[in-house]
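Reviewing the structure listed below.
So that you can tell them apart, the chains are marked A, B and C in the order they are listed, and the count of residues begins at 1 in each.
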Amino acid sequence: MKKKALVAALAAACSLATPAWAGQTLDTVLKRGVLHCGVSDGLPGFSYTDASGNYAGIDADFCRAVAAALFGDAKKVKFTPLTAKERFTALQSGEIDVLSRNSTWTISRDVGMGMSFTGVTYYDGQGFLVNKKLGVKSARELDGATVCIQAGTTTEMNLSDYFRTNGMKYTPVTYEKSDESAKALESGRCDVLTSDQSQLYAQRIKLANPDDYVVLPEVISKEPLGPVVRQGDSEWFNVVRWTLFALVAAEEYGITSANVDQMAKTSTNPEVRRLLGLDTDFGKDMKLKKDWAYQIVKQVGNYGEMFERNVGKGSPLKIERGLNAQWNKGGLQYAPPFR
Amino acid sequence: MTPGETLRGGGPRRWLYDPKIRALAAQILTVLAIALFAGWIVHNTVHNLTVRGIASGFGFLKNPAGFGILQTLIDYRETDSFARVFVIGLLNTLLVAALGIVFATVLGFLVGIGRLAENALIRGLSALYVETFRNVPPLLQIFFWYFAVLRAMPSPRQSHEFLGAFFLNIRGLYVPRPIPAEGFAPIVLALGIALAAVIILRRWARRRQEHTGEPFSTGRVALLLLFGLPLAARLIFGAPFTWELPQLQGFNFRGGWVLLPELVALTVALSLYTAAFIAETVRAGIQSVPRGQIEAAIALGLTPRQRLRLIVLPQAMRVIIPPLTSQYLNLTKNSSLGAAIGYPDLVGLFAGTVLNQTGQAIETIAMTMAVYLLISLTISLVMNWYNRRMALVER
Amino acid sequence: MSSSPSLRPPVVRIDVLRWLRENLFSGPVNTALTLLAIYLLWRFVPPVLDWLFFDATWQGSSRADCHPGGACWIFIGQRFGQFLYGFYPIEQRWRVDLAALSIIVLAAPLFFSRFPQRRRWALGYFLLTPLLVWWLLYGAGILGLATVPTDQWGGLMLTLVIASVGIAGALPLGILLALGRRSQLPAIRIVCITFIEFWRGVPLITVLFMSSVMLPLFLPEQMSIDKLVRALIAVILFEAAYLAEVVRGGLQAIPKGQYEATHALGLSYWQSMGLVILPQALRLVIPGIVNTFIALFKDTSLVIIIGLADFFTAVHRATVDPEWLGFSTEGYVFAAFVYFLFCFGMSRYSIALEKRLARSEKR
């Protein structure tokens, strides 16, 4: 009892001695000069390491975009590969500044776990990948199947909901790493691999014979994937959120990494000029440089470029834009006005 | 001045050299430093949790889990609470630890005795076994069995079939499940009676030997009792079980019991790894028995089996048990590596999935560590008790 | 002694058949065991050898060159660089080689007992080599060597770094803890016992998980420690607890007279421990210490769980590469062989050392 009291007294003494730290992520990162970014441990199209150890993919590029906005240098990122299991703890603890690791935005994660989702980089939904040999055409035929899942994901929960509401049974086999679940599907340990559809396409190209496998038509959930920051630090939240909006807006206004210099010189469109920081300095209010958005587009490209390069037509995944097209082209990507 | 005074040193600084005061000061400083450090950690954590708006406390345990689990030893539905998931993870850990301990002990004793066998070939093979298995990391061995060996099994539709009731495929080993029938209770009763009779018989035999010196071989009578009584019950009351056979339905076999490849790989790897260490312990234990004891036993005319059972093993056990305990503890802790191959043990399930679904890192990790600490303390307490019973009583 | 006739030494005849009879076929049970063992060997050894060597593919550059039926060692050859160095920049790999070379070459004098001033050399070696190696590997921009951040370290090199730093850190801490556990001062004893029992009771992977993702929760916000350093600290604390128990065994084996003698000589606590007790106690428990080091070396493979790219991680990652899918057996066998070499080597060295010490004791 005495010891407890002592500890409490000491804790109280310490709290008097140290100032509050709240909301200092931005200052810390700027002072450190490097962005600590949590990414996936190997998911083609989103974040994976190539043969020489460089990270590529949408999620990795988003980290680079934030670094470009912060420092004017997209290379100043330290990537931390995380399993699905580790990711939120790493963010909560402060191990990373931003988590950009195909994480689904849900209410429980937003309100109860000390995190805030800053937006949606990819609108996704959960699907199923099966071997063609099984002859399955629809997810409704999966009663009694063995299903491979990644531990610690929303897909674990959705899967259970879906099978229960449809009165079907399943056996879950849960792995920590996506590589391992793909390997398990290939070897026949499970009949079905379930995950976000984008991930399924990514997993498929990692298989020895991708053409033997097919993604079933059903999408059983909404999976808005986006970058996450710690709760209660609105300054930092704004930087990450508006980095994403700058990427999206740049595509809407037709600014690309190729033409951004020319646009900056010649464009008379007031929206373009405001975005690139030519007329108004939004950067100052975020403690950033005036040309923050220019640096993002110049070094990383706009949202469309990022998409096509990593998961779209220019990539082995060949995913359609679908929900991820601009709002005026039938999609959901929509940036608030830069005004 | 007497020499004593010089040694102690005079003046007001004498207390500086007083060993009692020094000891007290050292202890107070240590406690203070540790308390300060703990206070600092607690303060940081509390502060970080509040700043980041992370809920704390154990209330989350009541919430429904909402996900499926591969292997549950007790009934589980997705709507059950996280607390139940914790129990399931714990039971899975205990299961693999218990299986591993049994197999590792049996194999370890065999190999350990084999290392001292007269037969040179057996000796060599045992040594080869020990050196191979104890020098390779357990995680690698688990991966090897799981990803290289068990992954080579056929798909459910091409299962290896034995007797039309056992099926082996990549999803595991399917065996018939016994369902208690009418004859179940009488047979259990008969077995109980037989066991009690055997124990009484053995006591009587020992007492008789102590009094008269005449040995009485209980083996055959015991065998007769243990098999005869249940057999009689079976003949009178009918079959104790009906068997539920596994059958291929759709994607998988249904019915029967299944031994999952995750469990098999983990058990096999841990047993083989730990058995190598146990073998060395057993060898050292047997070698510690003085040569004279064995020579005396030979002189008394004991058979080799009797020598081993009555003279060597009881004495060797004293040396073997303490290191054996720590091997059991290591095995239990190593079972947490099952998380890497998807076995739903405490670490994989609770400190993994539950941690991630709830975000309660501190609580879940603390609970997990507490369980392992508790297991390790319990095992060492039990072993210490046994050790004390076995300890040499010198007259 | 002239009275007794000198006997001739007995003639030792090496008779193969007799040796066989005595060792392998001395009775029905023994004969059965021998036959069983021969059957097992005949059944398993040839296929394994075929797979490992005779049917294996040794030369080629891609998956297509592998012929079925045997192991395909091309896979190991292709990835060898990554297994050794991880993602350490290719143009900087000479630094790792140089570091390894300097460790071996500079240590050479320690193994020759005739070398003049061996003690002084040893002291210098253990103090300065770590600095040299750190500079070579990390660079930190000193004397023009570019910094290679620790997240690019990997492969066997990282495994050896973790193992050697772990050993160097755990031994002194373990000794202190063992002394503390046997201390006369209750507070210090309780602290040490709690510490030792805690670390011995929990699995290393939960400790590594805590150190890799949870640690910042316990520290002030600005404080950040390199991930590798944190893993190292976790390994050191964990293994120190095990070492402490080994050393305690040695301390308990020292006769009470030795302690009393140091008191009689008027040595202080640290003098008596450092000069009299510990040198004897440590020598007694050398096998135990080496066994703990072997365990530590094997435990380094667990850092795969926190995403450090050690040797085992590099091998495991290579086995999931789509280009080389289906060669996991080769990968694991190779990894097992490498771990075996190190661990077996260490255990042989410990046995040799034990024998040498036992000899010197007898004299």
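Things to note:
Assume contacts are C-beta pairs under 8 Å (C-beta built on N, C-alpha and C of every residue); 3 or more make two chains touch, one makes a residue touch a chain.
The model shown is predicted, which means the values in this text are computed figures rather than measured ones.
Looking at B-C alongside A-C, one finds more C-beta pairs in contact between the chains of B-C. Chain centres were defined as the mean of their Cα atoms; on that basis the chain farthest from chain B turns out to be A. If you average the CA atoms of chain A and of chain B, the two centres end up 42 Å from each other.
For this pair, chain B with chain C, the centres built from the Cα atoms lie 26 Å apart. For the pair chain A and chain C, the distance between mean C-alpha positions equals 40 Å. For chain A, the set of residues that touch two or more other chains comprises 18, 21, 89, 92-94, 180, 183.
Among all residues of chain C, those that touch two or more other chains are 209, 213-214, 216-217, 220-221. Counting partner chains per residue, chain B has residues 48-49, 51, 147, 151, 339-340, 361 touching two or more of them.
Listed in rising order, the residues of chain A touching chain B in the complex are 3, 6-7, 9-11, 13-15, 18, 20-22, 84-85, 87-89, 92-94, 109, 112-115, 134, 142-146, 151-153, 156-157, 159-161, 163-164, 170-176, 180, 183-184, 187-189, 191, 230-232.
Touching chain A in their complex are the following residues of chain B: 35-36, 38-40, 42-43, 46-49, 51-55, 66-70, 78, 147, 151, 155-156, 170-171, 249-252, 254, 261-262, 339-342, 344, 348, 352-353, 355-359, 361. Residues 23, 26-28, 30-31, 34, 41, 44-45, 48-49, 51, 117-122, 125, 131-132, 134-141, 143-144, 147-148, 151, 329, 333-334, 336-337, 339-340, 347, 351, 361-362, 365, 368-369, 372-373, 376-377 of chain B are the ones touching chain C in the complex.
Chain C meets chain B in the complex at residues 23-24, 26, 30, 33-34, 37-38, 40-41, 184-188, 191, 197-198, 200-206, 209-210, 213-214, 216-221, 294, 298-299, 301-302, 304-305, 312, 316, 319, 328-329, 332-333, 335-336, 339-340, 343-344, 347. Against chain C, the residues of chain A that register as touching in their complex are 18, 21, 24, 28, 41-42, 49, 52-53, 78-83, 86, 89-90, 92-95, 179-180, 182-183, 186, 205-208.
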